[in-house]
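Order of writing sets the chain letters: A, B and C. Residues in each chain are counted from 1.
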Amino acid sequence: MKYVDEFRDPEKARTLLKEINELVEKIDICKKRPLAIMEVCGGHTHSIFRYGIEGMLPKEIELVHGPGCPVCVLPMGRVDDCVALAEQPNMIFTTFGDAMRVPGSKKSLLQAKADGADVRMVYSPLDALDLARDNRDKEVVFFGLGFETTMPSTALTVLRAQADGIKNFSLFCNHITIIPTVKAILDSPDMKIDGFLGPGHVSMVIGTKPYEFIANHYKRPLVVAGFEPLDVLHSVWMVLKQIDEGRSEIENQYVRIVPDEGNDEALNAVSKVFELREFFEWRGLGSIDHSGVRMREEYADFDAERKFSVPNIKIADPKSCQCGEVLKGVIKPFECKVFGKACTPEMPLGALMVSSEGACAAYYQFGDPDRLRELEEV
Amino acid sequence: MNKHSNITNNQSPRPRGKIRVDKVNLAHGGGGKAMRDLIDDVFVSEFDNALLASLEDQARFKMKDLAIHGDQLALTTDSYVVDPLFFPGGNIGKLAVCGTVNDLAVGGANPLYLTCSMIIEEGVEIDLLRSIARSMALEAETAGVQIVTGDTKVVNKGCCDKLFINTAGVGVIRTGLNLSASSAEPGDVVIVNGLLGDHGATILAARDDMALSTVIESDCASLNGLIGGVLDNCETIKFIRDATRGGIASVLNEIAEASGVSIEIEEEKTPIRSDVKGFCEILGLDPLYLANEGKVVIVVPQEDASKVISTLQSNPLGKSAAIIGTVGDWDKGRVTMKTKFGGRRIVDMLVGEQLPRIC
Amino acid sequence: MCLGIPGQIIEITDEARKLAMVDVSGVHREINMACVVNDDHRLNDCIGDWVLVHVGFAMSRINEEEAALTLKVLEELGEAQEEIAAMRASGQM
């Protein structure tokens, strides 16, 4: 596959690993404690585990798996709202596959489906719109979730529904924004991140400028990174180079996809349809100001929250769950009290055990990298 | 409810019923003439063997006819509920024969007789049923088995999804053979007979929920000939299992657990066609967990591996056969994969159903 | 988050709705092109383009030169390492 296979080349990986090891030797911090690099995006977490990258890196680098998995950070109350919508009469509730298994306070969408609700997985919001077009006698709700990467697609779908006069389609908007969340992590008193891998696909929409405060104010390097394993190693190396040279800048490793200025067409669609919410609730992190969007008044007819009665009840995260600390890199997944015990991928308690992009589920399924690293050395 | 099955081969043929409507209705499961007409006109005429034609309540075999094949009977059953009924490379009928034949063959049995139980939703077209029965007959012929007894039930609209089929199978295991998931040892290698994930990808694409079009076809095939050939040529085979639901990853985990060994496969050597890779990339799926219907995992000592590979490759159903991994003892019960990229990761059992990962 | 995969545009399927067919390793799917077309690069110019596909939308046109450049940087890094290793081996360092 073009633009995929070249970026999975083991030869170049060896080159990068050699450079990374040399840099680690030079960097002073590494002599005292591991260097904490956060990959903000769940897509990176997935790549890191799928290709066994963490086990290839020297021990002096600790990857902290950040909050960028929209399925993982979805609060329980919002899942309950989805279930309530799905269980309305005459309803087809559509969603991306990832969200099906996320536990609500009583059930997940998968369980609601088993109980008789018409819940369908779609690949694209456009497919949900087609379902509405084909089932005019039913209401079709699309569960919109995801960061800035996904927002343009749902915005354009709403605009298309409006243009085509499809009145039985609406969006249950749960889109979230990444910048306020990264800022919240940086402001947290127990924060210990030395550098960031920036979310590549969010950045192709928003560009690289919105991250500048991270370099300027918080003095942390951030490298916008691609998702192939070579991209990840390359970006780690770029972060290390900045640390070694005493720089904190916003750099772009994923230039083939991410223009520094972002995507105007996508951003226009987003700002036409959505506006910032005062705050949004995150699983594991609590309420974060301006971290979510809702639909503008002009699109009320396509807003499932306005069109139907949504319970909107806030449900507290389980007390024993330490997802917040894992997200901030304070503890590692297996250091959590309930990891692998009360909280497993079959019966997830905390957010990070839910999706395969969640740090805990990834550790649980793909293994402890330290262990794998030791095996590699044997 | 009436059953249709065989007695002996030397009875004079009775007049067969004819069906005169286009769609199945509840009367076709009622035990009366309508049911007899359906059975005769669709199943007896397609499956066409003397054992079945007399429609007794059970199939009867002579012990001595079985004993010539070996010294242990193998019995298996499986239900087929695939949606959609027809998919590129096969249909529910073909699958119901291959699947049961393979479940016998992987135990080292020579599959001989199958049963066929149909649960039909009222309103299903007779022609559709006929074409499925025809596929079953063709596949049974290919595999060299006979469908010798069966049952037909018709349920109310909405009580099942068009058609469910259950087939049971009887086979005889060759004397002295005892394949077992618990017999893998360090030093053994793991072999597959070809490209992985085709069936799973085909079914997901054929459901059309994701609006993806592909040229991938199901690998659904009866493997008794292929497996028989391997067992003829290599006496040291430890274990064979078809990698159906849960994919290759699940079979490997079962072996690792049952034998108390570790298994490491190499991504580089694991054969997966590029279309299936592309399909998985789009939906965020892992091909190691996709179902196969014509693929087996074979465990054999390293020194006999090349013999097995060349036997497999001489059969069209094994032409892409490959050694994909080795059995070790570094972490008992664990399956790992050495990635093409040079890393290593754990390949765990599938948790629940594999859902497309999109956002 | 945000699964995206490179694919090549093989056909424009609906001009009014800005839809096109993309090929990803032999798998085809109709996708929306609204985010990658503008006055400088119109829909009909897109055939043969490589785009990044996310949930049925083309989200970015892949910059071939930049892709090659990224790989070249890594290539050169490898060559430099080899040179250093060779110099060490011959006692020049």
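Quick note on the criterion: a contact is a pair of C-beta atoms (placed from the backbone, for glycine too) under 8 Å apart; a residue touches a chain by one contact, two chains touch by 3 or more.
Predicted model, so just to flag it, every value in this text is computed and none were measured.
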item: Central chain (by mean CA position); value: A
item: Label of the chain whose CA centroid is most distant from the centroid of subunit C; value: B
item: Centroid spacing, where centroids are CA-atom means, of subunit A and subunit C in whole angstrom; value: 22
item: For subunit A paired with subunit B, centre-to-centre distance based on mean C-alpha positions, whole Å; value: 39
item: For subunit B, residues that touch 2 or more chains besides their own; value: 210-212, 274, 277-278, 281-282, 284, 357-359
item: Residues of subunit C whose C-beta touches two or more other chains; value: 1-3, 5, 24-25, 29, 55
item: Of all residues in subunit A, the ones touching two or more other chains; value: 1, 4, 70, 96, 123-124, 127, 146, 149-150, 230, 357
item: Residue ranges of subunit C touching subunit B (in the complex, touch as defined); value: 1-3, 5, 24-30, 53, 55
item: Contacting residues of subunit B [partner subunit C, same complex]; value: 205, 210-215, 274-275, 277-279, 281-282, 284, 357-359
item: Residues of subunit B that touch subunit A when the two form their complex; value: 209-212, 274, 277-278, 281-284, 330-331, 336, 339-346, 348, 351-352, 355-359
item: Footprint of subunit C on subunit A - complex, ascending; value: 1-4, 6-7, 11-12, 15-16, 18-19, 41-43, 68-70, 96, 123-127, 146-147, 149-150, 152-153, 156, 160, 199, 201-202, 204-205, 227, 230, 234, 253, 255-259, 263-266, 269, 357
item: Subunit A - residues contacting subunit B, complex; value: 1, 4, 8, 10, 13-14, 46, 49-53, 55-56, 70-71, 96-101, 110, 120-124, 127, 145-146, 149-150, 229-230, 345-346, 355-357, 364-367, 372, 375-376, 378
